[in-house]
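Quick one: structure below, then a few questions.
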Amino acid sequence: MTYTVAVAGCTGYAGGEVLRLLLQHQDVEIGALTGNSSVGDSLGLHQPHLAPLADRPVVATTAENLAGHDVVFLALPHGASAAIAEQLGEDTLVVDAGADFRLQDPALWEKFYGSPHAGTWPYGLPELPGQRDRLRGSKRIAVPGCYPTTATLAMLPAVSKGLVDAAQISVVAASGTSGAGKAPKTNLMGAEVMGNASAYGVGGVHRHTPEIIQNLSLVTDETVNVSFTPLLVPMSRGILATCSAPVAKGVDTALARAAYAAFFADEPFVDLLPEGVWPQTASVLGSNRTTIQVVVDLAAGRLIAIAALDNLTKGTAGGAIQSMNIALGLPEATGLSTVGVAP
Amino acid sequence: MTYTVAVAGCTGYAGGEVLRLLLQHQDVEIGALTGNSSVGDSLGLHQPHLAPLADRPVVATTAENLAGHDVVFLALPHGASAAIAEQLGEDTLVVDAGADFRLQDPALWEKFYGSPHAGTWPYGLPELPGQRDRLRGSKRIAVPGCYPTTATLAMLPAVSKGLVDAAQISVVAASGTSGAGKAPKTNLMGAEVMGNASAYGVGGVHRHTPEIIQNLSLVTDETVNVSFTPLLVPMSRGILATCSAPVAKGVDTALARAAYAAFFADEPFVDLLPEGVWPQTASVLGSNRTTIQVVVDLAAGRLIAIAALDNLTKGTAGGAIQSMNIALGLPEATGLSTVGVAP
Amino acid sequence: MTYTVAVAGCTGYAGGEVLRLLLQHQDVEIGALTGNSSVGDSLGLHQPHLAPLADRPVVATTAENLAGHDVVFLALPHGASAAIAEQLGEDTLVVDAGADFRLQDPALWEKFYGSPHAGTWPYGLPELPGQRDRLRGSKRIAVPGCYPTTATLAMLPAVSKGLVDAAQISVVAASGTSGAGKAPKTNLMGAEVMGNASAYGVGGVHRHTPEIIQNLSLVTDETVNVSFTPLLVPMSRGILATCSAPVAKGVDTALARAAYAAFFADEPFVDLLPEGVWPQTASVLGSNRTTIQVVVDLAAGRLIAIAALDNLTKGTAGGAIQSMNIALGLPEATGLSTVGVAP
Amino acid sequence: MTYTVAVAGCTGYAGGEVLRLLLQHQDVEIGALTGNSSVGDSLGLHQPHLAPLADRPVVATTAENLAGHDVVFLALPHGASAAIAEQLGEDTLVVDAGADFRLQDPALWEKFYGSPHAGTWPYGLPELPGQRDRLRGSKRIAVPGCYPTTATLAMLPAVSKGLVDAAQISVVAASGTSGAGKAPKTNLMGAEVMGNASAYGVGGVHRHTPEIIQNLSLVTDETVNVSFTPLLVPMSRGILATCSAPVAKGVDTALARAAYAAFFADEPFVDLLPEGVWPQTASVLGSNRTTIQVVVDLAAGRLIAIAALDNLTKGTAGGAIQSMNIALGLPEATGLSTVGVAP
């Protein structure tokens, strides 16, 4: 069976990556491509790398244009998904790459996003324990944020196995600038970001903070606190997250590695690297793979777990398609690759 | 008075930056330029940006060639400085950009560097309390490592004022690749590092770890532990260090900012940024300035201090010249700038 | 039928890209992976992006190890291919990514490469008129150089249709640094190439010059001269070639575009872009696609054709697999994509 | 004597670079800093690298605010300079970094800029024969475009000495993205330009084309035609221009080098590199230096001259200050450096 798929927000980075991956997916047919200010343009003007779709017209993001597809991907600004989603039939699989339906706690949503909470959808991180069951057959999926996917995967084994004090987690994550979106801003201009590493959203104010805490709280009864610092570094794609916390007594590197290896043993898209090898974003560029390494620094009394992924692929569009595959009952890896484009 | 200055290791990155800054220094005359495999070449072949020195010949790194100068900068591989230094007269100011004389504890030296300890010289970080007095008139200076300068400046006020639990400090520092030196290695090739963020030396094994601990221990009686994670990001220059630790009771952002402002009030090369503005390496490129921001995340119970500097300037050659100025009794800022080259 | 394929030189950039593409090719099975200094290592140490091959051992580059495969790719230093090739059976398809068998004129070979000429193999540029017939069933293929592929595709319609004075062609081609290979050299270090555009091999001395001339001479009876200037620019992959020549009387942009459109009408991997849209390397990253634009500047009396491709894909490994497909009688696009990885 | 200097357009790249250089200039005092949408901000918000000016307020770009200074730099959008300039007194030295007063031919101005011609001011390229005399004492200076400065310097000796056929000049110039200004645009975003080389304004339509022709026509009676192709490459600063033309009979590399050496012998900011060494932009970053190399390719019948400079320094603000120094009767190199910031 072939599924028809529409993409709302086809001219941005998330929408473009969804389309790039769908072009490799044997079970889908790409339908309506919708946008806003670009309506009437050919897609090739906005996504010149998607050669097979170059002549496709961009149509308006309306329920009418999106209707009649088996799957609709929403890659829209925050706050725009709910209105569209409720106009789409309950039989349509709606996959939201935005934040609107990620958080369970309305108060946290309102605190961090400053608008009324739209609701909560099944969360598209299959590596969370039990999550595949929740995604199977689901008609609504909230795609995780790119930082939360990285940090959650890095700390999930440590927190779930009690290897660390979850109340004192620190996450410092360096991201490529595509994570900030395609809308032009002075601080994201090439001349500003090349040769430049910078911090932003420091001190617990970044919107991805409660999402990381929500994820890790699923696997422990202990309190979870996360100090999250995002950095921008001069590359287009990739996130490298350095996560650490005070290590529990008796836990050393060997024990931590064994726990991580066991946790991810059956995961198709998460690899614990060989001892002594550290993650790098270039190795996973364009792939749906996350690479992880963990070590215990006994002198500092800290477990350090580092994860690398492509923010647009596993961090957004690849994760979205992985969850779509599960929801539709397809093999989970369909259309996805563990092979990066390097150097 | 004009001081004659020789530079040993003139073809590398540290030596080149020392020369770049000396060319702006009104009180020095550049003398012998020494190297190893490059002997006989014109400097212009190795440092094409130093136009005024293009025709200077590179001579061998021998005590004979270095003798007769008022100041000798050593920018040599680890372990090579001691033999040269002891052949230079006690009247010569020797400034070592290498690691050989930084650590006070021979056991720590041997653990991290794997060779016998050569000794300890006055440490060239003027911002350490009381350090200017130790540098004034000194004939030997050990230039700090680039990461230790960054992390020490970021955490010095917090540790000295008891704002944090010094036993649980975490440092994640992203560096440009010039910090790894000019000797060709596959993992430092342009095609490997562009588009790539990677971790290395994780888990307490990086040689700069004991140096950071040594520095911060100078200003507290408490135990200092540091979990240090260095990252390589795709830029030539710059270090952005994200430092954090559990915050002491009653300390909030306002209090932390006041403490930092007071601590650095008289420092010519360290600036606490206005509230809400975060450090970025591009702003300090080529300058001797360090920019710092601090915030307390009460929800996470953590103080986060972030510092940015140019690893080759304030992190190496600029810091070296700042200390040289103090040792020689010159105005501390001679030849140094707080103006970065951006964008 | 499944073809077994060996790759000699599996740890370099060309070998790695051949493997990345073979992993997407449904009709091949990857066999022996051979190297030199890396023998005994797992491939994952050298090509961390090729997850499915991470545990494959690197074995020695010997005829014994390469024997018994249907196809052998050689990604070896110049001069090393002939000795290996003659030990492989005549039934083995040998695809040489090196230069050894590209040039037809022994004198030119010796002038530019300084060694005896090894011979000439069918040239793996299917877009040359009549070339697919020469490749079909061939057991030996010489993969073109990356610059010659780019410049040839850019100027082939203009020269073959007599739109320009072929005796006065100028080619200025900006390349990512992976084109210079993986062997560590100071001038290719990340800190040297980031933020830097440089020229090299100027004035007719670059080895790809006679290869471009050889290609264009196939489609004209006129003299072909090419002034070729290669540039290094700060990116890992990609070539952007700006090619120009005095335009023939009566030729304007519309006529030139029509000629180019007709020439490439049936080519699966070459696209003339819509008028007003100019090639960029990011759009073809990781793909086998070449994008071209052509314009006539009547005031300057010059036709300018610009082409962009990925030097490792269409410029090396992708072109090699395209030719392999033709030689084996497979659909030409098997395992190859026109979709780039962007942004 | 100290000159007071105002900068109109202080928040952009050109204005920022003017200020960076003025901070090193011993004979000036920085006065009013004017902007548009940024009025009321501290300069530090927009130019965080200019530490000594961080607290200076941005005031409105009005004649009132600019009046009363000895020198006024205009770094404004095209078309905005004339209205301001005519309100400034005839005793004020007005240096326009924009294009408004560069071209002599009103018809060419209107063709390329689409607006009425504002007039012609003395052109701030001191290296043009006789130009220093025209600049001395002048109260109005039109700063050249960054591409015209690069291409003109590269070809000036060749054209003036008749070494080439000036009717067939080709210029392909790769630029960092700061040359496109600081106004946010999608195609200049970091994620778009990193890893990407692209062409734009091809075919004789770029506005700098007539300016290059105007300059080169000053030194020859022959017709000058220029095919100009600008490229964007992934770096913040720098232009590398590859210029070529059919070489005159009897001219070889030695002769060309001798002519270039003689032409630039007394120039403080233009260096012919040693034979075999090619220009690279990193070597001149932040400096006012232009490096040039020239070679004759006898096989192709072409002279190739390559020049590198920093588009913001020698290409804009440094060139402006060099001309200001001449106009004011100061030593030409005051406040300017030939030392680049590298690596």
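As written, the chains take the letters A, B, C and D, and residue 1 is the first residue of each chain.
Going forward, a residue touches a chain if its C-beta (ideal position, glycine included) is under 8 Å from a C-beta of that chain, and two chains touch if they have at least 3 such contacts.
Keep in mind that this is a model prediction, so the values were computed, not measured.
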Those chains which touch chain D and also touch chain C: A, B
Partner chains that chain B and chain C have in common: A, D
Identity of the chain that, by mean CA position, is farthest from chain A: D
Chain centre separation in whole Å, for chain C relative to chain A (CA means): 35
Centre-to-centre distance between chain D and chain A (centres being mean Cα positions), rounded to whole Å: 44
In chain C, residues with contacts to at least two other chains: 13, 176, 178, 182, 191-192, 194-195, 234-237, 280, 282, 285, 343
Chain C residues within the chain D interface of the complex: 167-168, 170, 172, 174, 176, 191-192, 194-200, 202-204, 225-229, 231, 233-238, 240, 242, 244, 246, 253, 278-282, 285, 293, 295-302, 304, 306, 308, 343
Chain B to chain C touching residues, read off their complex: 13, 176-178, 180, 182-186, 188-195, 234-237
Contact footprint of chain D on chain B as seen in their complex: 13, 16, 20, 23-24, 44-45, 47-52, 178, 182, 194-195, 236-237, 271, 274, 277, 280, 282-287, 289, 291, 337-343
